[in-house]
Structure formats: structure tokens, C-alpha cells
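Before anything else, here is the set of structures, which you'll find just below.
Below, chain A partners chain B and then partners chain C, in two separate complexes.
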Partner chain A sequence: MFYYALKRLGVAVLVAVTVSILSFSMVYLSGDPAVALAGEGASNEDIENVRRIYGFDQPIIFQYGNWLLQAVQGNLGHSNYLKSPVASVIFERLPTTMLLGACSLAFALLLAIPLGVVAAIRPNSIIDRIALSIAVVGQAMPSFWFALTMILWLGINWRLLPITGTESWMNFIMPSVALGYYLTPAVMRLTRAGMLEVLSSDYIRTARAKGLRPMTVLFKHALRNAIIPVVSLAAVQFGFMLGGSIVIETIFAINGLGYLAWESILRADVPMMQAIVLVLSVFYILLTFLADMLNAFLDPRIRVA
Partner chain B sequence: MRICKSMLALGVAALTVALSSNAYAGKADDTLNWASSREVAVVDPYYNNTRMLVIMGQMGWDGLVFRDIKSGEFKPLLAKSWEWSGDKAIEFELRDDVKFHDGTAFDADDVVYTLNHVSNKENGVLTYRNVSWIENAEKLGPHKVRVNLKKPFPPAFAYLANAVAMLPSGHYENVPKKPDGKKDYAAAKPVGTGPYKVAEIKAGEFVLMEKNDAYFADSPKGKPQIGKIRFRTIKEMNTGIAELLTGGLDWIWDVPKEQAERMGSHPSVTVENAKTFRVSYMAFDVLGQSGQEFFKDKRVRQAISHAIDRASISKNLVGPASVVIPSACHPDQFGCSQDVPTYAYDPAKAKALLKEAGYENGFEFDLYAYREREFTEAVIGDLAKIGVKAKLNFMQYRALRDVVRKGKTPINHMTWGSYSIPDVSAIVSNFFTHGPDDLTKDPQMKEFLNVADNSIDPAKRQEFYKKAFDRIASEAYWLPMFTYAKYYAWSKDLDFSPTPDEIPRFYATKWK
Partner chain C sequence: MSKKIEKTGSNRVLEVKNLNVEIPVPSGLLRPVQNVSLRVDRGETLCIVGESGCGKSLTSLAIMDLLPSKAKRTCDEMRLLGENVFGIKERAMSDLRGDRMSMIFQEPMTSLNPAYTIGNQLGEALRRHQNVSNAEARDRAIYLLEKVGITAAAGRLGQYPHQLSGGLRQRVMIAMALMCGPDLIIADEPTTALDVTIQAQILHLLSELQREFHMGMVLITHDLGVVARIADRIAVMYAGQVVETGTAEQIFNAPTHPYTRGLLQCIPIPGKTKRGERLGAIPGIVPSLVGHMDGCHFASRCSEVQARCQTGNIELAPAKQKGHLCRCVLAQSGPSSELETGEAAV
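And now, the complex of A and B:
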């Protein structure tokens, strides 16, 4: 297990370094960064001054090393637009996005796993059909449309839930359902397929023959093995939710990280974009690493291989 | 069964909690909630030039004079009286009973500090043209100042009323420094003398302003009525509408026409289409800098002008308060002559002009735009009818402005709000005096506008502006399209009236 963890950690570090190089190079994507920073109408002298102050006159490897060192110490630069340190803005908004992502993931798992299990127990039955229908609707329905429909009914017509903001837990219900529902079909289908495969395997037949209770067979022996691919999927999807919740954050006026990323692109706020890419990527890498570890824990064959 | 009952009870309890804790803002807690799609990161009248800050600027800060939007008259505000001293200086007698939000008294030092800071180009005021006409300010007494102008500047009072707010002396002295070592003036704590003071800012999320109880009684702005005014950023219009309908917001604008018309029948909301100072125009690449030289030929420009059904776009897409404009200015601005050569919608004439210019079979060109895609698409549809194919390049404003200034746009479909300045110098002089936005570089235009911009004789100004507008129209340098009209929607609880300068007077708004 230790060597497996070390190997995965090595891969994670290599990916993180690659991402950091890509993030750093973003500053050069829109041409000379000194010209962009100096602003409209800046003289050559102003531009040279900016180049010297920000270190753009240094060799590129030195600039990268310096940037990485600062980033590791938590100094991610200064936002050109918000006039604040980038790190403070990101870490102010990150909890909101993480909470939204976690709630969405919890909703998706709580709905999809039981549905997948039930569908697998009674394949091709009416329950299976209903579960499949829920999955198909979730996959086919655009999240913005679903979100607006919920606003119309739950927010305007019935006035059950607040529409915007993050003041209370109720503010998170509609966005979490809208964001999480999109993930439900994939988890449900993966659980169903895994359960069907596991339930027809020899060791389950043996367990039943030993006279174990059906619930024990189902949850202790079958689900534990069937859920392994779901763990990987959930970890990857959680990473996706952190960065990919732009539409939902926009509709529900939630000032999270996805929304900030989109706004920073529109405002050409390069230091903010760099930092968001870096932070989200590190989270993504971390989550994938944790999923690998969890999978290895659940399935010894993975760590042995 | 028992479990079902328990679940039901739990559900009812959850709903009760949901309903009871869903606190709605508005009249009940004396807080006017308004929203727009733009973010506000900086609350400073000189270091943020978005429309939101223009609105908040009028609430939080006062200028020396006040423009009565109904009569167009300039009235005393922080200045009690004024007098021209020659044609390049104005002497102001100041009020002696005004206090800033931090409790310090307002006097001549504040005016001198503010005007000398903002008129110094090195201090990087964002819309420098608003103050570029000021040479400096001198203290003549504790409550008397002289403002020296660089040259005669007739619309000085329009700028003083709309865009020159007074700050306390030393306001920008202790601001933090940026990484380049320069002072970050945008980080200054907002302090003004206005009817509302800034209570809390969360950059990019909200700005909360509170009533200034110490606001001077006889201000032409009036005593503030509503306790708190909270601005929020809501990007998605459907969400804004939903919040308005459920009481989470009290005021929104920029509502799309179809949605505004649907909302009109809602019992809790007032919807109104009101005119604004913003005009839509199409500017031609007269000099052929873009590499597509079709529009060097005046007949082609005139053909395009005849091909576009501006009345239809104005009526069907913009709103009832929008009007087609013949001149490159807003009809409500001083000096805006409407009596110029016009281009009626006439596709047959357009085709004849194209044929005369040698483009009988039409041509293909790049059209650039940044705002209300549907308006530009209607233009493209009209052009297709005369055989001219426009390829739409839809960009963000900031990016497009640079492309326009580099002369790379054969035609750009843009808009201009004149910074809500009720004088044509805020539009025509920006685009036709050989500045970075001038795509014509016509020496005749520069000559006309030089006279008009620098004369303090209103009749002479009007005469020369008319010459300029005549030339723009006859040469078809621009195709002025229409005035913008905005759909506003607000709570029935609110006593509010839109104004044509796109500056909602929240300080004068009250609950019914």
C-alpha cells in the first residue's frame, strides 16, 4: 500500500508541476504582460518601468521559480480589477463553492446510489424503468433550464425557498439540486451496472448459499465492490463541480469560485485567472489522489497490481 | 404508517421554518434593494467609471453645483453662488454648513485638494476627459475658491454637476501602494458629503449605503427618505426578475423587452420604458484602414444608410421610448441639431447607389459589435436584402474598443452614453477631433468643433455644431441609429421616476 501511495503521489506532484507551468505561462498568452499592465497610453519608459518592477526582464525560468515560490507561500499576486490580494479573494469564495459542490455531490449520491441498487435488484422491472427514466431526464435536461424551473415553482409560485444569495442553508437547496441532478444519471447507471455484475458473481452465490441475510449480502458484500468505480467518478465530479458551477452560480447569484473565474476571464484579470486555475487544479489532483487511495483501500487488487 | 406521519410532520416543520425565515427586504425593513448585472469592486467617484458608480456617486458625493433634470437649470449645491471671471475662470462662494460623512467640515481646502488632484493627469483618474479642462483651483478664502480652466470650456457646469464630486482634503494621502510602488487611489475609503454614506462593501458582491442624517437641509437633492440602499450584483436577468416578483429586490433595470411586457401585468410591479442618453450608431471605416476599402466611397456609406430600417429596430426591439436619430447626438443634448440630411429606409435607392459605386452584386465585409446582438443581427438582415453580406464579429467592449481605435473595423456598431453629459461636446467632440476614436480625421470637422467647443457664446456654439452635424450626415461618416430606451421595473411600494440621463435618483426615492 505504501509503495502504491508513493507512486500515485509522484504522479500527482508531476501533474501539479505541469499545471503550474501552464498557469504561469498564461501571463504571456495575451502578448507582452508589461504593456498590458502599463495600460493604455503608457510611454515606453512606463512600460520598461513596469517590466523592471514586476521582474519581466528576468530570464523566464527565474520568473517561473520566483512565481512558484511565492505561490507556495500563499502569495498568488494582486488582482488588477478587484484591487485586492488574489489569495484573499479566492479563499473568501472557495468555501461557498466547496459547500455548493459538497451539497450537490451529497444530493447526487443519496439519490443515485439507492436508485442504482434498487434497479439492479429488480432488473427490467417497473422500478428499474422508473430509475432509468430519472437518469435519462437528468442527463437530457439542461441544468440552467432545471434551475429556472425550480426558481419559478419553488421560489416564485410557492415561495418555499429563497432564490439568491448564501445567507442560510436554504439558499443552497435549489442550486445543489440543480447542480447535483446532472451527476445523478452517471452515478446511478454505474451503481446499477456494478451491482448487476457483482450480484451474478460466484462469491455472492456462495454467500447466499451460506444462508447470510439478504441485506448483509447486498450491502456488505455486493455494494462494497460495486461502489468502487463510483468513488472515482464522485471524486472527479467533485473537482468538476468546483470549477464547473459557473452557470448555477450565475443563475442563483452565488459569489463562488466558478463565477469568479468567468468574471476574471471577461475582465482579463490574469493574476486571478492564473491563481484560480492553479488552486482548482491542485484540488482536482488532490481529489484524484484521495480517490485512488480509497479505491486501493476498498479493493486490494488495485494496490497489489 | 407511524413513520409516514413522522416524515409528514417533519416536512411541514421544515416548510414552516423555510417560510418564516425567508425574510424579504424592502419597505418592511426600510431597505431599498437594487441590482444590476455589473459588479462594483471599487467605490470611488474617480477611480471607477461604471454606470453603477455614477449612480452611487450622486448618492454619496456632492458637486459644487446641481443640475435640475426637469428644467435643465444649474442650482447651487456645495457652492452658494458663482461668477465667471473672464472666460477661463469661475469663482465659487462655498457653503459653510456642510460636513463630510466622517464629521469633518467642508471648506475651500477640500475643493482645492480635490480639483488639483483629479486634474493632474499623473493621478490616473479613469475618465480624465471629465476633468481635463481644469487647470487648477486656488483658495481665495475659507469658503471661496477660483477654478481656473485650461481654455474656455462652455459645458463646464454640466461636468461640475455630473462628474466632479468633492472629497475631503488629503483623501488620497494614506492609501496603500500597488506592487509598482504607485499609490492605489482606488483603495481610498469612500467619504463624501452626499445624502447617503457607504456603510459596507463586499467587492463584486454588494454595496450598502445608509442615510446621512446630517445631510444639509436645503440641498436641492432633498433630504434622503429611505434608511438603507443596498446594491447587489445579479448577472442573470431571470433571477433578478424572480427576486423582484418575490420581494427580494425592489428595483431592476435593463429588463429585456419581452420580459418587461410580460411583467407589466403583475400587480406588485411597475414597469416603464424610459429614454436614456445612450445612442446607437454605426461608424464607417472612411479611410480604408481596415483593409476592406468599400466604405471609402461615400455612395457605399449612403447605400448602407438607406438599407437599414432603423425605425423598425427602434420600435420592435428597443422599446416605445426609443426614437430614430438623424444626427450624431442625443436630441436632449445642448447643440444637437436635428435639421441635417437624412437617410430614409429605401432598399431600392440603396441598391441603385451600390450599382453606381460598382458593387451591383454586393460584397462581403466584417461588421463588429459588442452589445445587444439582436440589434446588430437585424442590421445584418437588412443588409442582406441589398446583397451585402456582413460577417458579425461580436466581442467584449474592452477588446473591441482597441480594435476600433486601431482602425481595423470596416463598420463598427457601437453605442455611446455621453457620460450623461447634456452637451454634444460629450459625443461629437470625442469622435471627430482627431482623437483615438476618430476614424475620419477630417480637418474640416476639427475646425468646426474647435470653434464650437471653445466658444462661450451659445449661439455660436450651436451654429458650429450644426455645421459639424451637417457634414457628418452629408458625408455619411456615421449612421446614427436610434436612442436607447431602458425598461425599468420596480416595486409598487416605491415612489420612483426614471430620468433620461440613466441616473436613477435613489436619494430622492421614497416608499409610498
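And now, the complex of A and C:
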């Protein structure tokens, strides 16, 4: 187990370094950063000054090393627009996004896993059909459209839920549903497929031959094995969901990281964007690592060599 | 727990009359098990022999009520220790499964849950049926693991199935089947997936345990060599039907059904079969069991086929000796007065 964890951790660090290189090179994606920063109508001298002040004149390896050194110390740079350290702005917004992410994940898993299990117990039944419809709709419907539809009906026409802000838990319902629904189809279908496969396996027959209760067979023997691939998928999908939170937070005016990212894009605030990409990526890598650990716990074939 | 069948003095452990299994398939109704009757006494080993697809595994699953949900079973009578067990509620049936009757499967590699330790899977069988503490379940598991020939049994309890070899896993499966001290044990080709060297050990073990715990055993196999060594009685199945049944002696010394004779000719006998000589083979293929089939199921492959083999329903009828039954018109030339209703069951 220890070596497995160490190996996964090593991979995680390598991925993090790669991501850091990518997010660092974002500065150069839109051409010469010094020209962009100096603005329209700047003289050559101004541009050279900007280049020197920001260190763009140094070798790129050196720039990256310097940036990385600062980043691991928590200094993610200075915002071009807000005139304050990027890190403080990001960590102020991060909890809101994490809360939204957690609520969405909880909603998605609580909807998808039970539906997937029930669909697998009675394949091709009416419940299976309903679950399939939910999955197809979830897969096909853009989340921004779903969010706007909810706002229209639940927020404006029926006045059931607040449509913007983060004042109370009520504010999180619609964004969590909109964001979590995106995750539901894949998780549900994978749970269903996994359960179908596991339920027809030999060890389930053994469990039944022992006279175990149907609930014990289903939850102790079947679900534990069927859920293993779902854990990995949920971690990956959660990463996409963090990306999706840019859209959802913007629609619901939630003051989180996604909203900040959108604002920064509009302001061409490259250091801020760079830092957001890095933070979200590291968070995502961390989550994948946790999923690996959870799978090792669930599946002794990973844990015990 | 619902009413439990107590261990009785009754010698008849299992009695099945006219068991049928039907499975709807796209081309019609598949009837893989047709009018199979069986009985097993305490301390007796009944071997069900037949080639792949003859319905022997489905027969055993039907007795355990573990058939796939699409399959339907019917029968005139199914008694475990004298009590009816057919058509009873799933809950009552699950009280018996693993407790009074247990089963060993063909595939030890996949029959254990990869996510739980050996100890957990052994213990849960006992805890499900008897009110025992974890320590008692553990002790029983260690006792049985040692019985089935696993060394360092206590240490094995914490291991996972993937850490054990196929032979060891099958021993664990056998120990698991014995956890509650069942009266009937059904072993469905328990050695097919194992190494030849391990096969003999496992069979020897099974027959030893069967004698020691005085259980009734149904052993399903296609290996006649196995049968010769441990069977008390034999039922030969072909295309869903029992075609011949009797004591091991009767079947091996006086095989009456052409199919049984054909099967026996397929086995090489050391000293008798010459090197390089062709072994016996039964020409033709097994008929499809979809829909109704008239006459003898073996007629299309039989070397002694006659016109009367092709029509009507050929019954399992007494052959020369008492208790020896055969489903063949050629063996039924004698008067059927020998047929006693009690003996009609295999």
C-alpha cells in the first residue's frame, strides 16, 4: 500500500510540474507580453522598461524557475488589474467554489448511484428507462441552458429559489443541480454497467448460495466491486465540473473562482489566469490522487500485492 | 429466521421428482432439463455424468433455486430431509441455502469475492445461519481450513482471494460450503478448472469429508475416471434427460443404454488400450433442445437405432437388476412389473 501511494504521489508531482509549465507558458500565448502590458501607443522605450521590470528579458528557463520558486512559496504573482497579490484573491474565492463543487458532486452521486443500482437490478424495466432518459437528457443538454431554464421557472416564474449570490444555502441549490447534473449521466451509466456485470459474476452466485440476504448480496458483495471504476470516473468528471463552474458561477453571479476566471479573461489579467489554472489543476491532481487511494482501499488487488 | 429443518434421522437427504427447466430463447422454448428425478441418501455420493450442455449444471442450480432469472423450473416434488422445498418463499429457501444444503462451483478463480478476506467470506456464511460470535465463526473457519488441508490456516484468514492459487481457492470454497455442517453438498464440476495433479487431491478430499461428516453428496462431472473412484450411484444425463441410472457397479459393469456404452468406450484403459489406437467416439452432435422433441434424444447418434426409437415418449424403465433404470426401448423388452414406484426415482 505504501509503495503504491508513493508511486501515485510521484506521478501526481510529475503531472503538477507539467501543468505548471503549461500554465507558465500562457503568458506567451498571446504574443509578446511586454507589448501587451505596455498598452497601445507605448514607445519602444516604455516596452523595454516593462520588459525589464517584469523580467521578460531574462532566459525563459530562468523565468520559469523563478516563477515556480515563488509559486511553491505561495506567491502566485501580482494581478495586472487588481493591483494586489493574486494568491490572496484566489484563496478568498476558493472556498465558495469548493463548496459549490462539493454540493454538485454530492447531488450527482446521490442521484446517479442509486439510479444506476436500481436500473441494474431491473434492466429494461420502467425505472431503467426513466434513468436512461435522465442520462440522455443530462448528456445532451448544455448546462448553461439548463441553468437559465431553472432560473426562469424556479426563480422568476414560481419565485421558489434565489437566482443570484451566495447568502444562504438556498442560493446553492440551483447552481449545484445545474453543475452536478452534468456529472450524472456518466456516473449513472457506469454504475449500471458495473452492477450488471458484477451481479452476473460467479462470486455473487456464491454469496447467494450461502443464503445471504438480498441486501447483503447487493450492497456488501456487488456494489463495493461495481463502484471501483465509478470512483475514478467521478474524480475525472469532477475536474471537468470545476471548468464548468466558470459558466455556472457567471450565470448565478456566485463570487467564486470560476467567476473570477471569467472576470480575469475579460480584463486580460494574465497572472490571475495563470494562477487560477494552476490552482484548479493542482486541486484536480490532488483529487485524482485521493480517488486512487480510495480505490486502493476498496480493491485489495491494488492494495495487497 | 423462519422455521428451520432440523437434522432428522431421515436417511433420504434429497428427493427430486420430474424436475424441468425451461428458458425462453429467441428461437423458442429451450428445455435443458426434462423430467429429471434424483434421490440422495445420507452418506451417499450420487454422480451426475454427461457431456457439456446435457443439463447437469442447470439441474444442480435448479435444486439450489439459483437459476438465472429467465429460467423457469417446475417439478412434481422436491424434498430436502423430507420437507418440501419447492415453491417455498425465497426467504425460507435462503435459510436453507448454505445451511442445510450448500454448493461448490466449477470456477474457484472467480467464485470468491475479490474485495473481502477469506476469513470474512467464510465467517459470514456461519453468522448468517447461526447465532455465533465472531470468535466462534473464526474458530470454525480455522478448523475447516485445516480440515481441507490448508496449512497455517489462521494466517490465511486475513488473505484475499487473489493471493491464493486455484487449488487453494477451491479448498476455501469447500470449507465455506461446510461452515454450517450441511446435510447435502452439491459439487458442480469442482475440479474442471484445476491442474490435473490438484484434481485428484480435491476429489479425494471431497469424498473423505463426505464420509466424515456423513453428508449426502451430488457430484457433477464429465470425468468418468472420477466417477469410478467415488460414486455410490450414477445418473447418466444426455440432452436434458437421465438416460441411465444405477449403482456404480451396475453402470460400469453392465452399461445398458447405448450412450452410456459409448461414453465408457471413450475412456482409455491402461494396459488394455493399445498405444496409438483410436479411442472410441460417439458420432454426430447433441440435438437442439429448443421446442418439443419426439422419441429418444439419442436416436440421431445411436448405432442401434430402430423405427420405434423415433416416436413417443420413451420412459426410464427398469433394466435387469433392481435399481438399475434405463431410457432405451432395447432394454425394455422385459415386463415392466419390476417397476416399483419408490424405485422409479433415480
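Criterion: the second predicted complex is superposed on the first by the 302 of 305 C-alpha atoms of A that agree within 3 Å, B and C clash if a C-alpha of one lies under 4 Å from a C-alpha of the other, contacts with A are read in each partner's own complex, and residues count from 1 in each chain.
Heads up, the rule we're going with is that contacts are C-beta pairs under 8 Å (C-beta built on N, C-alpha and C of every residue); 3 or more make two chains touch, one makes a residue touch a chain.
Predicted model only: the values in this text are computed from it and were never measured.
On the superposed chain A, the positions of chain B and chain C stay apart, so the two partners fit side by side. Shared-chain residue A:90: touches no atom of chain B or chain C.
Looking at the superposition, the partner that touches the larger set of chain A residues, chain B or chain C, turns out to be B. By the touch criterion defined above, A:211 reaches chain C but does not reach chain B. In the superposed model, A:221 makes contact with chain C only, not with chain B.
After overlaying the two complexes on the shared chain, residue contacts for A:203 are found with chain C alone; chain B is out of touch. Legend: residue contacts after superposition of the two complexes on their common chain; A:299 is shown touching chain C, with no touch to chain B.
In the superposed pair of complexes, A:115 makes contact with neither chain B nor chain C.
In the composite built from the two structures, the nearest CA pair linking chain B and chain C is 25 Å apart.
Residues 15, 18-19, 21-22, 39, 41-42, 178-181, 184, 186-187, 203-205, 232-236, 238-239, 242-243, 245-246, 248, 396, 398 of chain B are the ones touching chain A in the complex. Against chain B, in their complex, chain A makes its touches with residues 37, 49-50, 53-54, 78, 81-84, 89, 148, 151-152, 155-156, 159-164, 168, 170, 250-253, 255, 259-260, 263, 266, 268. Of all the residues in chain C, the ones that touch chain A in their complex are 64, 66, 90, 94-99, 102-103, 105, 107, 110-117, 124-125, 128-129, 160, 162-163, 173, 176. Interface of chain A with chain C (complex): residues 201-203, 205-214, 216, 220-221, 224-225, 298-301, 304.
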